[in-house]
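Take a look at these structures.
Here come two complexes built around subunit A, the first alongside subunit B, the second alongside subunit C.
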Partner chain A sequence: MKKYYQIMKNTWDEMVTYRLNFSMWRFRNVLQLLTMYFLWYSVIPSNKSIFGYSHSLILTYILGTSILSSVVLSSRSYDIGDVINKGELSNFLLKPINFFYYLFAKDIGDKAMNIVFSFGELFLLFILLRPPFLIQTNPFYLVAFLIAICIAVILFFFFNLLLGFIGFWSPETWAPRFIFTILISFFAGGLFPLDILPAPIFALFKVIPLTYLLYFPLKIYLGQVQFVEIITGLIISTLWIFGMYKIIEAVWLKGLKVYTAQGM
Partner chain B sequence: MTSQQAFLSRSGALIFIIGKILRFTFFFLFLILLGSRTKVIVGYSLWQMIFFYVTFNVVDTSAQFFLREVYRFRSYIVSGTFDYTLSKPFSPLFRSLFGGSDLTDLLIFVVSILFVFIASKNLPHVNFFGVVEYIFLLLNAFVIALAFHITTLSLGVLTTEVDNTIMVYRDVTQMGRVPVDVYQNPLRSLITFAVPVGIMMTFPAKAFMGLLSPWFVILSLCLGGAFLYFSLRFWQFSLLRYSSASS
Partner chain C sequence: MGLVMAAISVSHLSKNYQTFQKDPGLVGSIKSLFSRKYETVKAVSDISFKINEGELVGFIGPNGAGKTTTLKCLSGLLYPTKGELSVLGFSPFKREKEFLKQISLVMGQKNQLWWDLPAVDTFLLNKEIYEVSDSDYKVTIDELSKLLDISEFIKIPVRKLSLGQRMKVELIAALIHRPKVLFLDEPTIGLDVVMQKNLREFIKEYNSRYKATIILTSHYMGDVEALCKRIIIIDHGKILFDGLLSDLVKKHAPYKLIKIIFKDFPNPQKLEGLGTVKHFEYPNLTLSVSAEKSNDSASFLLKNFSIEDIVIEDPQVEDVIRDVFTK
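On to the complex of A and B.
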């Protein structure tokens, strides 16, 4: 356990070392947030509700996606494909360290840094913009929200692993990741709350795992989902975790059979 | 040459093209979704919002298509390849700007142009002068994009830092997917004139719709010229301080 804590710490230190890169990355996140924030600010006037969202609810949702993205979508395991392609995976196979725990520890270190910065940014935005923000106080929603976040973190980690495993069969690992990023921006609810979509389309969204990365936890936070819907959502997303775990296990074993440590 | 290299991995190029089409489509659908319920966003109809969005795409993709070589400039600086460029009997600036195009942007560029025509058919009060102003302001937007890319190259020569600068430029210009009227002051003024996203993305569409005063058209062209002039001066300044760090 201690060694994984050290990996977490190293990831943090690494990010502090390359401060400019990280600061720029966060600055870019703020720019993206501002576009959506002001667009929604204009779309729903302060005294009106559209799509079932009031002014304060939608702005809480948009600001919430920013914080939640820092927790769920920040990751250092995006270079698994390169690790495989360069043959560096051999190091992990030989050393007394679990490759997956190693990656997860790196992710946690990255998330910790992103969370700290995202709270700092939002604090500044709150001072400058003074947005109406809903503070959830119901303990049930808060607990369910935390559980949903944990599930989202694991789901995203599994997605990253699967995308990285493409490296076993192809050197082209960045293009699929590019497409995945675009899919997430839409299907996870980063652009807008998914329930503003027509009902039949939204019903389909409820069964895909991307919905549980941002949209579902945020809806819980907003207190806009009933008890039964929360339980159903948590069950579906947990089933996805088990399903993806099985897929990852199968792909990993198949990948190792074709792994040639190219580049070593 | 570089555009041929981009297609060395055909499957990768295909995935990138699909990704760019999806990105274009998703935001387009989002606008339609908003327009279906709200009818008017900051005083603009759905078709006007679409026109702003496709105009943004025309400017954005044309800059990416022609100026993609800038994204590779850092590797030329740190590897010493830029020394070789300097020793050649052609403009190092021209080579560094236009040395490679990205064909994956071509499709979105064509689709955007197509949507400019479709959206323009659904806009009221379009006249000949509006169209002429639109074309001039689009060219002006490209000039400003060019100036920004020259500034990025200059910073690259001085500091070897290119990637973050260009990505910040990309994100700032992404704010132009919607008209700058959406943003509140002082942010609106900042991204209209200081970081001229408004001049690049919003003003051409506004001129087309007859919503831009001729004085703003002239001001935009003057600012475009000024940005280009100062970026070229900065390029000269940076070249004089080039230390060929790799050699």
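On to the complex of A and C.
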């Protein structure tokens, strides 16, 4: 365990090395949040509701996705493809350390840092804007919410790994990653709540894993999902975790056999 | 000899790579999107050798000879296409924890240190990764930093270090767990003469102090001459020579060089039949003569010519190896 703690510590040190970079990036996050917030603020009048979403509900949703993104979608392992291509993977293969755990430890380090800062930013935002925000107090929803977040974190990590593994076969790993980022912003529900889509399309969304990254955990927090739906959702996303794990394992082993430790 | 455990044994190792070619320019790039000609490159083909515990062996060959590929196979990075490998009784590609804890691979051109952090942060991480106890870590770091004299820049971010400084901390990072088997690939590349000498002494010291088995590849014959008794010469994926460095010279270069500085211009006719003229630019002459006749030739020269200075030398290892490659 100690080694993974050391990895997290090094990740923090690394993140704050470039102070300007770091603060600009936080600034970008705040801007993005404010844009979304004011967009929806003006779309829905304060005493009416649209698509079953009241003013305060939609604003909670938007603020919620912002916090949730910083937990689920933050990562330090987006460059696995490059690490493989440039042969830096060798550094890890040579050591008695699990590469997956190493990456996950870095990701957790990154997420911890992100959570601290987004809470700070949101706290300021609350003082300044005093937005209507729903505080969930039902313990069942809260527990289910936490479980759904853990699943989302693992799912996103797995997506990241798979995209990175393209590096074993091709040096072009960034294009697929950009496409994935765009897909996420739409399919995961970061731009709008997915249930405002037509019912048949939304039903399809429930089967794909992307829905479980942001939309599903947040809906649980808002208390808008039935007990049965929560359970089925948790089961579907857990199945995705197992399925993706199997795929990752197979791809990894295949990749290692063609790995040429280039440039090393 | 007695019973000495072979630390490394390689039998009939082959490794092939798949590569594709691309014509230059944008047109070539687009063409390669649709059809690619794949080629199989035989980096290493059917090589075998054994290395005993505590040996320090030089691995020599031109660029692309297959040295690095062999080291990568031995350290478990590459999956061998054919053949059996055993390092400390382990099969490298399985990368078992106990195996990885006992080896290290250092590449002169690559770094494992965290670029933005001081070297000491990577040291601490490696300490945890290799599960080195606090007391062992302290002893090792103290010893190694004294040998390489790094204490003054251990806390400066790696990206701000000079190449020589970085190589030193790279080596230490790779040795924190005191590996029993050490693969060094071009450890002195790009370093100045003083730094090269420092590193050589360090490698020698590490070998004798910890009884470590070391394979070293290098372009600099100086490295190999200073460090290795035994060398393996490899080219085009095949072993050309495996044996003592002194035997190589005896076997492939049974001649000596006589270097003369004349006082007066010599009569060229008198020089004929003495040996092969390697180089002549008055007043300097270099003659190559067979090893057993070298003393006679020298005394003949001294008697019959007016000579300022004369030396008999073994041929340069570099030249001998060039001979081996061109054969």
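Operating definition for what follows: the second predicted complex is superposed on the first by the 264 of 264 C-alpha atoms of A that agree within 3 Å, B and C clash if a C-alpha of one lies under 4 Å from a C-alpha of the other, contacts with A are read in each partner's own complex, and residues count from 1 in each chain.
Assume a contact is a pair of C-beta atoms (placed from the backbone, for glycine too) under 8 Å apart; a residue touches a chain by one contact, two chains touch by 3 or more.
What you see is a predicted model; the values in this text were computed from it and never measured.
In the overlay built on the shared chain, the residue A:F178 is in contact with subunit B alone; subunit C does not reach it.
Look at A:L197: by the touch rule set out above, it reaches subunit B but stays clear of subunit C.
Looking at the shared chain after the overlay, A:S42 reaches subunit B, while subunit C stays out of its contact range.
By the touch criterion defined above, A:L34 lies against subunit B but remains apart from subunit C after alignment on the C-alpha atoms of chain A. With both structures placed on the common chain, the touch criterion links A:A261 to subunit C but leaves subunit B unconnected. Of the two partner chains placed by the overlay, only subunit B lies in contact with A:N21; subunit C stays clear of it.
Within the superposed three-chain model, A:I7 lies in touch with subunit C and out of touch with subunit B [touch as defined at top].
By the touch criterion defined above, A:G223 reaches neither subunit B nor subunit C. By the touch rule above, subunit C contacts subunit A in their complex via residues 17-18, 68, 72, 75-79, 95, 97, 100-101, 103-105, 107, 109-110, 112, 114, 116-117, 121-122, 124-126, 128-131, 157. Note for the complex: subunit B touches subunit A at residues 9, 11-13, 15-16, 18-19, 22-23, 26-27, 30, 33-34, 37-38, 41-42, 161, 164, 167-168, 171-172, 174-175, 177-178, 182-184, 187.
The residues of subunit A lying in touch with subunit B in their complex are 20-21, 24, 27-28, 31-32, 34-35, 38-39, 41-43, 50-51, 129, 170-172, 174-176, 178-179, 182-183, 185-186, 191-192, 196-197. Listing the residues of subunit A that touch subunit C in their complex gives 2-3, 5-7, 10, 13-14, 17-18, 87-88, 90-91, 93-97, 256-261, 263-264.
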